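Okay, so chain A shows up in both of these, paired with chain B first and chain C after.
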Partner chain A sequence: MKYLSYAVKKLLSMIPIILIVSIAVFVLLRASGVDPVTVMIGEKQATDELRESLRQQFYLDKPLLTQYLIWLKGVIAGDFGIDYINKQSINDLIISRLPVTAGLVVLSSLFGMTFAIILGVVAALNRNKSADRILSVLMLFLTSVPNFVVSILVIVFCTKFVPGYSFIGSYSNFGEYLSRIFVPSIVMSLGVVAMLGRITRSSMISQLQAPHIMTAKAKGMDEFNVTFKHAFHNAVLPVLTIAGLQFAGSIGGTVLIEQIFSLPGVGGMLVNGIQQNNYPVVQILVLFMLVVYLVMSFVVDMLYAVIDPRVKLK
Partner chain B sequence: MNGNKKSVSKLKSFFTVPVIITSIILAIVLFISIFAEWITPYDPEEANLADSLCKAMEKGHILGTDKLGRDLLSRIIAGARSSIVNAFLIVGFEMIVGIPIGLICGYYGGRLDSFIMRIWDIVCSLPSLLLAFVLVAAFGKGTYSGVIAMGIVYTPLTAKLARSLIITEKSQVYVEAAKSLGYSDARIIFIHILPNCITTMVAQLTLDIGTAIVSMASLSYLGLGVQPPKSDWGSLLKDGMTMLYQQPMLLIAPAAAIMITSISINIFSDGIQAYIDPSQRRLPSFKEYRRKNKDAA
Partner chain C sequence: MGNIIEMKDLCVNLMTVRGIVYAVQGVDLAVKEGEVHGIVGESGCGKSVSTKTIMRLHEKDKTEYTGSVIYNSSSGSEDILAMSDKRMRDFRGKDAAMIFQDPMTSLDPIMKAGEQISEVVRRKRGMGKKEAKEYVLRMFEKVGILPPEKRYEQYPFEMSGGMLQRVMIAMALSCEPRLIIADEPTTALDVTIQAQILDLLRNLQQENHTSVIFITHNLGVVAEICDSVSVMYAGRVVESGSVLDIFDRPAHPYTQALLASNPKASDSGKRMKTIEGAPPPLYAKFTSCPFAPRCPKATEICRSALPPVKTVSEGHTAACHLLNEGGKE
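For the complex of A and B:
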């Protein structure tokens, strides 16, 4: 019951953010001064009647507020509108492109979390020994190299030295799909590994020095149990929160990665939409990514409240 | 005399080996980008189809040439100019807009403060790249809209930092003294408090230059930032991508340029951070400590 009211409060507080951002995006895109009808027609010649009919078909003759309300009504009903350039339903476009993006986010999160926790724990257990030194240099290196430069270098490396590796190909079965997104998601997880690894290390070190660990050792508990049951349990808590937020943020990062590895995901759609002034696509994708981000941070908040009983529910 | 000696030893603690190395690298990068026109061996925008796709060290092109026969080294040097200038513009924007807003919010507090902070929270709730995309979509793609978009993305963070600093600073005695002398609020904020905050902000702002270089490069890579025929490191990468199989050097060289600059800035800013915040400074070993104490005695 306590959790339920907390959850409802959190969810309700998301609504104004979503509304404000959607209004801001809507107004900003209209303010850019490119006429949507020109975008729709493109280079072709068009009579005034055609322009007028297009204007009416897409409600562009109505005032801005009405346009926004019509759009919002559609979105709430699950109809994301029609793409200005290909005149296709945006719902279909998103559904066909979502698997790649979702796969990237999930896989990179899994990799990132696993590597980060393993490396962080190893570094903490070997504190101030050579393994720790090497790992901390590695992590410093990984935090400061930009992700997209690394992915470019990875592509160069793979095309030169990995025979038979190709970034272009079909997605007909699950194996192919996985082999397409495998390397990109590893690259995507590197930045997360660096950041989470550092946090895991410091949190594990502070846990290993805590009084309850000394008590456990004094009771004669074996080393393995002390480290992995008592210290690790508490140490991993702060890591989980930051991990969740990182993954939520990585939805923005997929845009670059998809573009570099030329993966047909939602991010590429967003970039194309911006370049072609394809407003409905940009609007809905920004909103979509925002909602995913907010929902993921909500899940993190809830999980944290459930795992850690000390969190005060306000 | 004593004070002078102390400040020398303090400065010495700033110049650790990594800081010396990275500051040399950064000085070189700055030098290159300031004097780009005079350093470039060839004209970076001049096509010469006879020399198309030279390998490195061929026909006098140190890093080779691209598809149109433009000298890669010259293009990277010219790109350094625009990458660095854009990064400084972005950080300048966030300083000029973010710091005053943060200082004013923190100094006065109250309703204005909570209103602006609420807006900041919403802005920060968007992933930063996503926000930049929306702004670029609104302003139209191009160098300056990219710079402004990135500036707007980073402004809330700078403002928040300035605000948190002034909140602790404004209860200091010297602020009270200045108030009792009847100085105006503007004078107190910008002449008395700001210099005390700025040292703490320097490390963050240096780090932001590095982030700005990378994010501007990524915008240009996506074709939303610097537009041809102008180029920066990001758009060089974008051009190089089409020649991935024939001429990987076109990708490796600009990638290395971004990477070296970004790593150097990170380490340099870590150095500044450690210098400003003594709790992060490496403590002298026991032997050194004892020797120093003997000297003093």
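For the complex of A and C:
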């Protein structure tokens, strides 16, 4: 019950953020000065009548504020508008591309968190021994190598040594879907693993030296209980904070990964949308990424509140 | 009454980033069954290090022990330094328990106060969850953590320092250990609470006939609750005896200086007495009396040889060249 009102409060506080960002995106796109009608018509010749009818059809003859409100009303009602270029419903486009992007975010976060915590704890428990040194070098390597380099190496490796394995193209069933996003998710998680792994290591080391660990030992708890129930439980808190930001930010990373692996996700749609001045597509995708970001940080906030009693639920 | 703990020529070397610290350099110390034994001395003289050795709480791969720490119980004598890890885990909590200096950081910050004790009795005494909780509530009542039900559910950050130290005491007593090591248990508390905690400890000790090792640098506290005292300086015991021996007939110049620097009511308005200088660092083993550079009575021999331990009177010993056996200077 106490968590419910906290959750509601957190969710309500997202509304102004979403509104402000939606206004900013809407205004900024129009400030670019490209006429939407030209975008729709493209290179083709068009009569003034056609231009005028398009203008009316897309409410472009109305003042900017009215245009925004019409758009916002549609978004709230679940109608994201019509794509300027293909004249298709954006809803359909997004729904067909959403699974890839959402899958990448969720899967890479899961991989990132799991590997980071395992490696970080192993490093901390073997502090200054060879296992720790090797892991430290590995993590430094992973942070320094950009995602796209790793991606290309992985693609080269797989096409050469794993015959029949293909990342490219669309998918027709769930198994194929998973096999498409599995490797890209791992590549995406590498940077996160390096970052979070190092934080887990240092957080765990400082917890293992904390006075309350001495108490736990002095009261005769076994090594496992001391390490995991007392030290790890405390050590994971700062990791979670950073993890939340990292995972929320990973929605941005999907743009790059989808391009490299030619995945049919919303990232590619966003890039095309920006290049073609396809305003409605860009607007809704930026908003979508914002919502994913907010939801991820919301999940982390809630987790934090459950794990750490010191978080005030007010 | 026999001795519950006997340290014999105990040396503890700690490997630190700055080199080896010879924190304890040949300590002989005996704690009698059922008594409160005080250990006093300046900061960094080895008080904590030597007593933590009883619980083997130093980092295993960064600590070297020599000598022995004998623990006597009804089932015979054991050398603590030679105990297996399993026996040590059992020993901790059941045979000996420890109360630390700073209760604010010595409890797990994200675990309920009650749970932290319930966890011990469940593991050590095989109690069920419900039984353990009832037991903890009774312990809370006994040590004055009121109201117990509410306190059980609270986290350390919701309690005051005095309350937390009571939790630590309840935790230490929870398995009815024969020995309690209290490492400056009142230093982090304010004065009114200090008195309450001392009373509580004293009462519980008398009720259960527990042996207590009480580490402090507060001589007033020693006079109030200890039966016997060891004075430590630079990693060794320089004088040991009953409270009366130490306070009325101090034999070692360091003890004398320590007592002289304890302010008295009649000193008001005067400049406080201090011992000039500071305790020496422990990066090397001493080959002469470590107190000699600060000692007003030091002679040639003090600067060239380690003083042997001499018997001043029955149960009263001191390590000083200037003493003759039997206690005459």
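Basically, the second predicted complex is superposed on the first by the 296 of 314 C-alpha atoms of A that agree within 3 Å, B and C clash if a C-alpha of one lies under 4 Å from a C-alpha of the other, contacts with A are read in each partner's own complex, and residues count from 1 in each chain.
FYI, a contact is a pair of C-beta atoms (placed from the backbone, for glycine too) under 8 Å apart; a residue touches a chain by one contact, two chains touch by 3 or more.
Keep in mind the model is a prediction, meaning the values are calculated, not measured.
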Clash or fit, chain B versus chain C on superposed chain A: fit
Chain B versus chain C as contact partner of A:289, first or second or both or neither: first
Which superposed partner A:210 touches (first chain B, second chain C, both, neither): second
Cα-centre angle that chain B and chain C span when viewed from chain A, reported as a multiple of 10 degrees: 80
Touching partner for A:87 - first (chain B), second (chain C), both, neither: neither
Chain B versus chain C, judged by how many residues of chain A each one touches: B
Contacts of A:233 with chain B and chain C, given as first, second, both or neither: second
Partner chain in contact with A:2 - chain B first, chain C second, else both or neither: neither
Touched partner set for A:218, first chain B, second chain C, both or neither: second
Distance in angstrom between the closest Cα atoms of chain C and chain B, superposition on A: 5
Touching both chain C and chain B, counted on chain A across the two superposed complexes: none
Of all residues in chain A, those that touch chain C in their complex: 210-212, 214-222, 225, 229-230, 233-234, 237, 307-310
Chain B residues touching chain A - in the complex, by the definition given at the top: 122, 125-130, 133-141, 210, 214, 217-218, 221-224, 237, 241, 244-245, 248, 251-252, 255, 258-259, 262-263, 265-267, 270
Complex interface listing, chain C residues touching chain A: 55, 57, 89-94, 97-98, 100, 102, 105-112, 119-120, 123-124, 155, 157, 168, 171, 175
In the complex, chain A residues that touch chain B: 17, 20-21, 25, 28-29, 31-34, 140-141, 143-146, 148-149, 152-153, 155-156, 159-160, 248-249, 251-253, 255-256, 259-260, 270-271, 273-275, 277, 282, 286, 289-290, 293-294
